[in-house]
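A single structure is presented below for examination.
Chain nomenclature is as follows: A, B, C and D, assigned in order of appearance, with residue numbering initiated at 1 for each chain independently.
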Amino acid sequence: MSLQNPVFIPGPTNMPESLRRACDMPTIDHRSDLFKDILHPARDGVKRVLKSAVAEVFVFPSTGTGGWETAITNTLTPGDTVLAARNGMFSQKWIDMCQRHGLTVEIIETPWGEGIPTARFEEILTADTAHKIKAVLATHNETATGVRSDIAGVRRAMDAAKHPALLFVDGVSSIGSMPFEFDGWKIDVAVTGSQKGFMLPAGLGIAAFSPKAMAAVETGGLPRTYFDIRDMVKGYAINGYPYTPAVGLLNGLKTASEMLMEEGLDNVFARHTRIATGVRAAVQAWGLQLCAIRPDLYSDTVSAIRTPEGFDAGRIVSHASKRYGVAFGAGLGQVAGKVFRIGHLGSLTDVLMLSGLATAEMAMADLGLDIRLGSGVAAAQEVYRRTAAPVALAAE
Amino acid sequence: MSLQNPVFIPGPTNMPESLRRACDMPTIDHRSDLFKDILHPARDGVKRVLKSAVAEVFVFPSTGTGGWETAITNTLTPGDTVLAARNGMFSQKWIDMCQRHGLTVEIIETPWGEGIPTARFEEILTADTAHKIKAVLATHNETATGVRSDIAGVRRAMDAAKHPALLFVDGVSSIGSMPFEFDGWKIDVAVTGSQKGFMLPAGLGIAAFSPKAMAAVETGGLPRTYFDIRDMVKGYAINGYPYTPAVGLLNGLKTASEMLMEEGLDNVFARHTRIATGVRAAVQAWGLQLCAIRPDLYSDTVSAIRTPEGFDAGRIVSHASKRYGVAFGAGLGQVAGKVFRIGHLGSLTDVLMLSGLATAEMAMADLGLDIRLGSGVAAAQEVYRRTAAPVALAAE
Amino acid sequence: MSLQNPVFIPGPTNMPESLRRACDMPTIDHRSDLFKDILHPARDGVKRVLKSAVAEVFVFPSTGTGGWETAITNTLTPGDTVLAARNGMFSQKWIDMCQRHGLTVEIIETPWGEGIPTARFEEILTADTAHKIKAVLATHNETATGVRSDIAGVRRAMDAAKHPALLFVDGVSSIGSMPFEFDGWKIDVAVTGSQKGFMLPAGLGIAAFSPKAMAAVETGGLPRTYFDIRDMVKGYAINGYPYTPAVGLLNGLKTASEMLMEEGLDNVFARHTRIATGVRAAVQAWGLQLCAIRPDLYSDTVSAIRTPEGFDAGRIVSHASKRYGVAFGAGLGQVAGKVFRIGHLGSLTDVLMLSGLATAEMAMADLGLDIRLGSGVAAAQEVYRRTAAPVALAAE
Amino acid sequence: MSLQNPVFIPGPTNMPESLRRACDMPTIDHRSDLFKDILHPARDGVKRVLKSAVAEVFVFPSTGTGGWETAITNTLTPGDTVLAARNGMFSQKWIDMCQRHGLTVEIIETPWGEGIPTARFEEILTADTAHKIKAVLATHNETATGVRSDIAGVRRAMDAAKHPALLFVDGVSSIGSMPFEFDGWKIDVAVTGSQKGFMLPAGLGIAAFSPKAMAAVETGGLPRTYFDIRDMVKGYAINGYPYTPAVGLLNGLKTASEMLMEEGLDNVFARHTRIATGVRAAVQAWGLQLCAIRPDLYSDTVSAIRTPEGFDAGRIVSHASKRYGVAFGAGLGQVAGKVFRIGHLGSLTDVLMLSGLATAEMAMADLGLDIRLGSGVAAAQEVYRRTAAPVALAAE
């Protein structure tokens, strides 16, 4: 497979060269002053991307999954109940983790392609007058289905129910790419990784804790050492880590945050919407459907595309990889074989997205699907032409 | 302008990461044994790419233009006559260089878009019974017009005329990308640079000398020091250089040659033909004409595309750059404003070429040309689908 | 602080450029075939470095501390007893982790500077006829004190006691730098990280399990998800990971293993011994003592050097950093302020080690210690001259 | 030979990682606006380093030798006379180039180790009432002998003689490392390369022309194309080049100039003096002599060190390379076998310099010279301790 083509998986994303260089540092002494000028700006940068004034940000040599484990093991106690909707592979995995750690999960089965049922959450929370539910788990962007849920709505449900549970949000494939309001949505723990909106290699698990979540750390928790944020708090206080930090990746995180803030978060989000809109126009031109069942659920970071009944969608992924050297995402879990996914987050241009769409067309046509070559590309071109930064033609 | 998009200029090309790394070396002592294991394999690698058993290869920190100056100043004497066709900007520049160095150039004016007129060459050479013409200059691939000339035909003309002139070939935008036979075509000096078929940064001028050309060095030449191959010969004999060599670029040249030979020259040429064929299919779908006036002249490394009468082709280049961050080549000299150029040489995939074609479509449509979006892309997709390495679909 | 000077901390080490490049990969699809050609060779490479035919190697985006947590949470059950000597900061930390996870630790207090008391271990294990002790924890190389313990001796003690406990070895600062025999010493879990003998950035926790340890996974274990090797086993079986892998670091691990095997493990170990011997000669020339109390305990990866009574050794570290831009290691825990540490593992030459020794001399002299400039350097020079690869002087 | 050790050759120097990265750029369109933001700042940066308000700076894909050829071929005419002292290999090479180009060189033979004889120059220039001498050639820093000549003195000699000749200065191994006053010394052409004070890879020849030299271009000159500054002038005026520029190296030149100006030229020069002073203290401690015969001639970028009569100094270079993987410079020309050279320019720290001195000691001792190990190191340590940036010890 050619390493020259961009990838169109829903993370890790294509990486800007500046971020690869930020990560590729020579060895420094992580106990020297050099490190503190990486550590604190990196943490502050994440706070800014989260739009939070209050969050404590913790960064582990790990992944988003480690971020989830950080959330759970630092605040909850075996036997605690948590509430979660199961509407995709990643919400499913988080539920499984809770169960392994001895938590009781009240699971709301939700169609894959649908978002978190906030009204149902409100009913359940309202009914939970004993406040047995200690935390609400919400997957902001289901990477498996390309569905963005309404976290503000989840918060409204909790508020309407006057429920004191903690709100945990999986923002792995949304933070840094789609609007996310840690303070505005009164999130208690937000979790992400380095390899999505931050456009870095995988290797960092990031967890941001609200003051309320920090208080829960004092009173609860499961056995833990590696993900123990009490050790992190002590380490950060003296500009260090409880173990050897991944200095290069932290430097990348610092630099990535700076890049995002320099572009402006609103511009970053608009850029993602623009690229995604082109992809969705192509899907429509192909006569196919998204897995996400309503426009308000459409993710701006990944599109899961349903293929015709009886056709194994995984063949598109395999064929595009083998014949054209281009990586798309396969369907996972319930939608395995039914969807293929185009990742369109992070470092990506309209021009490169068109190469991805053109490749998808070739692969589908090769496999006998009734796709007119150039049709999706043309639909996306129309979107990109209309929305490109205007140039004064006279001045060219 | 985004640095993430590939470039579609006719050189410097997109660079494989492995070659960037080969060039980006730490400092070594160029008088140590480390250097000889770079120098000689680099020179041998060029020989293999030239398909030559006899050439002496000289590499200067310089460019192709320096290679031309090397050819001229090492073999010719003021007052000597050379024969050349003027059918594009680069043949024009070489003619100008000869004139500046006191040579008499017998110029055959040739339409831009046409190749070297070998029959006319044969007439002139046959008529030159006094052998006043000391060298025949031939631009293999006119980068300005996308025209590939018939060097074997030039040689046949010389042989038919039984003329002893040296044959100098500008292979800057052909060597390493299109069939080139140093020995087979009995070339005396071939010239290229690092930034085209070798896919390296600009910075090396490469000149290969036949034994006959080496003999001419003994007897003639203009004042020269920097490009004096006699110093190079002495330097190479003791594994060194007459001045500080560009070690990293030489290491890149060594590695690039290895890459080309590993892929197999025939495969490299076929890959260029395949990508170029897709571009030409797109041009046809757009209803436009190439500058090259006949299929046998079509270059596999660059396509110069004529735009409709009265339209300034340069606007496409400027607009694509400003609005989409994609670089195409502008028209030069006689065809300035009349053509724009798509470079498709070096490190490039079918998939990325489609992004270039899609961008050209958007730019032309934006500027009011009657181009149906997706039309050129579809035509190229058909070519690329048909010619992609076959994959056993059942096995996927 | 200059980034040009090498570091002399006991890890992360100076990194060979080839390993930085191996890590600095463009994004690939970790679900494609490209990944399996990184994953399996990386795991196999670790096995070879461990001299094991039987180990199952697991690699987590994490650190050595995560490797420890992997060892414990996958095999032990709350209430289990483990045996460990406390003779430095890192053995102390491991003991603390066990206690946090609800294990009972039988701690053998041991002077810092001494190794694991194998005779005492044998007594305790022999007395434990009920086999309450489920695991013996052994820190091979105490990075805090520069003490190498006798793991073969620990194994002999266990065998003499006919005790069935698992043997867990912390090889973080020994594996890949000093002789280590996973199979020969019948180790059950060996733990290391990427940033020491493998000369990579921090970010990987590595744990190797014997068949006996794998069997323990079936029957026991603490709550875990991120470090659950059952998920890893399933993932590896289909060439994947249970979450997003740190592809670049894994590629680095593969490459590092190849480098070590190409040099030959015995040569790697001899190189470390040679560099360390020079350092120890310098310490002697300075009239100072190592923290390690006997030559058989001397570590070849780090030397902890006692400074005179009443002098704060930490000042050397701080001063060398601020005034000369060179990083040494400070004393930790019980020996904080009493020792400073010179790391001499991983990618390092005799020549660069001399610059470190010269810097230590300047720093100590600046701070008023009675050190003759050049004295330690001269002692190390004698060692390095005597032991350098011989060169036939006549042939130069 | 290890690539981890620094080099101690008098150029190319060790390169800061930031400059390697500046050079290692992805391909951009050199005809786009991106290029002008590299080209002009690079040229302006050189002007600032030259302390000139008037110089026109020209940069060729070439080397310092190409810079010399640029100076000569753009301003002089065959038959012109130039004045030059021959006091080392590089002045010799420049003289040879002039002769090859048909110039008459009035050569002042000068002992190797001595500087330019300014009094003798004044006599000759005063006697040249016909102004047959068109240019005075002065090698500022003879890299072969480690001798810095007095360019201000040469200018005073010319002024005293009221002679209108052009003043050409070879500043290859001085510019950017030692005080250099293009305007203050009324230099007409200054020449350097990228691989010395600018700490870049070799590959750029740099020539700065005064208005007077620019005027000479109008009226004289030898045949030239590649090095024709008239083409460069035209190219720069439209933000371009007459041929493909070495974009990455130019970006490196821009960045290097910024680095030098940010540090402050006076600080850069003081840093070179400091490192050099340590080297000279070591030479004295070894009981050896510099080739430069008086302190006012001592170069701060390279020290040529005489070895005892009857000892082949080249063996030190060869032995240090083979046995310790460290590169020093060999003697050249008249002083071949009599001196070895330590380069101490560009990116280098006191700490790394000590490793070079320690290596030289080992090599000399190995070869039987009467050198006490550690003696030179200690002498240099004294210098470096005394002159290091002060640190408030109390505050550490």
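We adopt the following convention: a residue touches a chain if its C-beta (ideal position, glycine included) is under 8 Å from a C-beta of that chain, and two chains touch if they have at least 3 such contacts.
Bear in mind the structure is a predicted one, so any value in this text is a computation, not a measurement.
**Q** Weigh A-B against A-C on C-beta contact pairs and write down the one with more.
**A** Answer by contact count: A-C.
**Q** Taking each chain's centre as the mean of its CA atoms, which one is most distant from chain B?
**A** Farthest chain from chain B, going by C-alpha centroids: C.
**Q** Measuring centre to centre with CA averages, how many angstrom lie between chain A and chain C?
**A** Distance between chain centres: 35 Å.
**Q** From the mean C-alpha coordinate of chain A to that of chain B, what's the distance rounded to whole Å?
**A** Chain centres of chain A and chain B, defined by C-alpha means, are spaced 46 Å apart.
**Q** Which residues belonging to chain D are in contact with no fewer than two other chains?
**A** In chain D, residues 3, 14, 17, 26 touch at least two other chains, as defined above.
**Q** List the residues on chain D that touch chain B in their complex, please.
**A** Touch residues, chain D against chain B: 1, 3, 7, 9, 11-15, 20, 23-34, 61-66, 68-69, 78, 96-97, 100-102, 193, 195, 201-203, 205, 222-228, 242-249, 321, 327, 329-330.
**Q** Along chain D, where are the residues that touch chain C in the complex?
**A** 2-6, 14, 16-17, 315, 318-319, 322-326, 347-352, 354-355, 358-359, 361-362, 365-367, 372-375, 377-378, 381-382, 384-385, 388-389, 391, 393, 396
**Q** Mind listing the chain B positions that touch chain C in their complex?
**A** 17, 21, 26
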